[in-house]
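Below, subunit A partners subunit B and then partners subunit C, in two separate complexes.
== the complex of A and B ==
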């Protein structure tokens, strides 16, 4: 049981967000936004945090997942009824998994910067493929409000979009955190640690580095696909390629993970909360100027605290808390 | 281990042009040769971090040419790569335990740890220290010790004396003879000819990707191969 203790703070934070949103008038959407950034950081961290490789095309997995849900909803609603949502999640998972394995099997053989460039290419390439060939509605995207209304009724579709989509996101975030904890506590966790420090030495010790990288890439990507399906398709009821392939989400994910503490359990969640709150606050206080202020602020934080918030906390609190704050 | 007609290289650049070589069990075999002769490439091709093109590597009646590195580790083959690849942020002990990553090695972890500490007492003293704070010589001993944790039957070392003070080089080499006494077969790549000839049981000389000479250290001296190929 001891090994699950680090999971408690995660549950406490998401629980607080969820209840605050539920109980306080007008707080559901802001809390859901924070949960989105927490979840985004959490799933992105499974790859960046564990392997140290930066995937600049990560948003493609959220995008392909959102398409999975949209395709299921728009083409199957007459046959499946409300089953389109579970089917959509399965499809999102499968499509994101396939993409990750196809991309990973090739790109993960590249090192550092080459990997980063290759992944941008995949994400942008996929977007132009969809827009150029008219696949899945091309640049017009897929709008799923009608199928969802038909399957769930007006009331049902409404609560799906304003309540259930966000609630499912909390669930995905918890699952992502739990998987992270399991990996960190297992032998694979040591393998990842060794790879991050020195990939050559890790290989020499008999660690199958390609397999572990592919595993982390796959887990991170498939969970990302579920987020896209829930937080975008179910919540917004539409998918446009220019929105879902927006590189800003990838950059936000990188910032969140580095800000909170890469490779830690709690870091990406805390990073997501701080980032989300900061972005929201700047947009309200300095409307129009937020982007101008945001970049230098983030830069300062990352230069000043390279290990992230959780890294600093762990150092300050000493060994007694090391086992709890992961 | 018997290597036959091994060819290998990087991309389309061929480095090894048909290397033949045999390693005797329990002996130190040294691989000498000028820079760029293909010595490191040969070690990496045997281990699998560079994919060999053709040829065969017979090890315990099995052709292991195309096995990936982790499968080689499972068969008791270890590589100590060039440069000191320690995990700088981890303690000495954590480095050593990671050396026993594969299942086969984990089963013998306790015994191997004792062996390693008896070979390198300094590492036992420093076991809780971060590896990055060790001196160059200690880091080299740690990389050797870490690969011993994998319970190797064949240990290949790529220039373990590189960048070390003469006194430290002697320590490293005397550790190698003690490792040989434990029954481990050693394949040693070196530039440090004097020291190598004093500990090796057999020597191969590699030049431009081919074996150009072989023999016991005294034969190498007599045949003048040492002068011809190594300029010493």
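== the complex of A and C ==
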């Protein structure tokens, strides 16, 4: 039972966000924004934090997941009614998983900069494939507002986009955190730790590094696909390739993980909260100047917490807290 | 003495407090940073100028016997869809805005629409041109910018008016959501007008060489070319048409010819090229012209708008995004006055009946969808190194030169 204790702060934070959004007028969407960044950091951390590999093309998994939901919603709504949502999530999961296995099986044999370049190539290549071949609406993308209105009615579709899509995102974030905890506490966690510190040495010790990397890649990617399905398609109601294959999301994920603490359970969530809250607060307080102020503030935080906020906290805290904050 | 100063201060402050309390809030997320920052800046200044005109020149919105000022409220969305949803909610629930101005681009407009619909706030699209936004069944989303499908229709009208025998049309567009919507919109219209599409192709974004596709197009001997997408590809298209000697009677390219950089780069090769535009400096929509078409004129003169825009922006030239922005606020003001109330549903109903002309051109929406149907695209053409408005006739600053080879200075 003790092993589940580090999960409690995660539940407490997401619970606070959820309740704040629910109870305070006009705070649901800002809290959902924080949850999005928290979830993005968490799923990205499963691969970056555990393996030390940086996937610059990570956004492709969110994008393919958003297409999974959009395809289900736009083409099956007449037959399936509200079942398009669960079907969309299944499709998003399958599509992101397949993509991760296909990419991972090849790219994960590469290291460092070669791996990074290969993953960017996959993301951009996929985008051009969709645009060039006209697949899934090509450059025009898919808009699902009308299918959702047909399936759920006007009020139902509004509620799905502005409440349920965010609620599902909280659920995905919790699942991602729980999986991270399970990995960190398992035998695989030690294998990942060994691999991250010295991959060659880990291999010599008999760890099948490619298999473990593929495992982390697969989990991270499929959960990313579910985020894309929920936070983009269900919430925003549209998928345009130029919007969903935007490398900015990958860069944001990297910043969030490094800000909070790579390889920790709570780090990406805290990183996401700090990143999202700072951005939102600056945007509403200094509209138009927020990015000018945001960049130096992030720099200050990174300089003050070189191992990430949670990394430093764990180092400075007594051993009693180390069991709670992972 | 101190008491007198205090009383004077209170007297000076009181009206402004009363005004601020009474003001009608109009606002929205705007892209002041990120990929749409340039268009966002134009829109932002356009809104500020509109606020100034309504409050300081017009004297406020007439509701019954009262004159109520407006206040523009905004946040920077950084051109990101995640920010749009949270900012739209904040504007509605925290700031109390019921008359929203959608962010720039069709994607961002779509992102905020479900939130506006949920809370029953009006949501005016001034930068989301995609027709598909208005096919989704939204009740509170209305449009001021002309829909993308209408962009190239004016060219067809112009050609048909000058040369009814012209039939062979080539479509050569950038592969993007916007350009494809434009292309699909004009395809149906061409068939309606009895014209024949002899060549149709979409080229990828960031294209570096169009000579293979232009060579293929040339072999089909089109008389009219409709194409383009953004600035770089549009300019490349015009340049390589000259290099390959592609001779058409009229060439209308999206975006690129509307910008002064087009003529600066191409020199005399720019002459003759046409582009559709929502608004252009010099366009003649005014009180007299609007009487001619039987509609009421509302808003400042074009000269006033340009002067105030330059003052507010520190010397920037206004583009159509700014004119769009101002027309959006004018439409809200007119609709509130027509409804006689700020009740959102009654204002939405009034918008269905609203038909007026600001300096931007006609404003009328389709009651069923909220799509803009009144606004007609104007056409600009480069002639002797100058950008002239050649269509529609009531807005002309020069007659169109057709075929383009006969264009002065070419």
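What to note about this one:
Note that the second predicted complex is superposed on the first by the 322 of 326 C-alpha atoms of A that agree within 3 Å, B and C clash if a C-alpha of one lies under 4 Å from a C-alpha of the other, contacts with A are read in each partner's own complex, and residues count from 1 in each chain.
Keep in mind that, in the parts below, contacts are C-beta pairs under 8 Å (C-beta built on N, C-alpha and C of every residue); 3 or more make two chains touch, one makes a residue touch a chain.
Being a predicted model, the structure only gives us computed values, none of them experimental.
Of the two partner chains placed by the overlay, neither subunit B nor subunit C lies in contact with A:97.
In the superposed model, A:123 lies in contact with neither subunit B nor subunit C. Once chain A of one complex is fitted onto chain A of the other, the partner contacts of A:288 are limited to subunit C, with no touch recorded for subunit B.
By the document's definition of touching, of the two partners only subunit B reaches A:205; subunit C does not. In the superposition on chain A, A:194 makes contact with subunit B only, not with subunit C. Looking at the superposed arrangement, the partner reaching more residues of subunit A, out of subunit B and subunit C, is C.
Of all the residues in subunit A, the ones that touch subunit B in their complex are 187, 190-191, 193-194, 197-198, 200-201, 203-208.
Against subunit A, the residues of subunit B that register as touching in their complex are 47, 49, 68-70, 72-74, 78-81, 85-90, 98-99, 101-102, 105, 143, 146-147, 150. Residues 25-26, 28-30, 32-33, 36, 128, 131-132, 138-141, 143, 145-146, 149, 154, 157-159, 161-162, 231-232, 235-238, 240, 242-243, 248, 279-280, 283-284, 287-288, 290-291 of subunit A are the ones that touch subunit C when the two sit in their complex. On the side of subunit C, the complex with subunit A involves touching residues 32-33, 74-78, 80-83, 85-90, 92-94, 107, 110-111, 113-115, 117-118, 132-133, 135-139, 175-177, 180-181, 202, 204-205.
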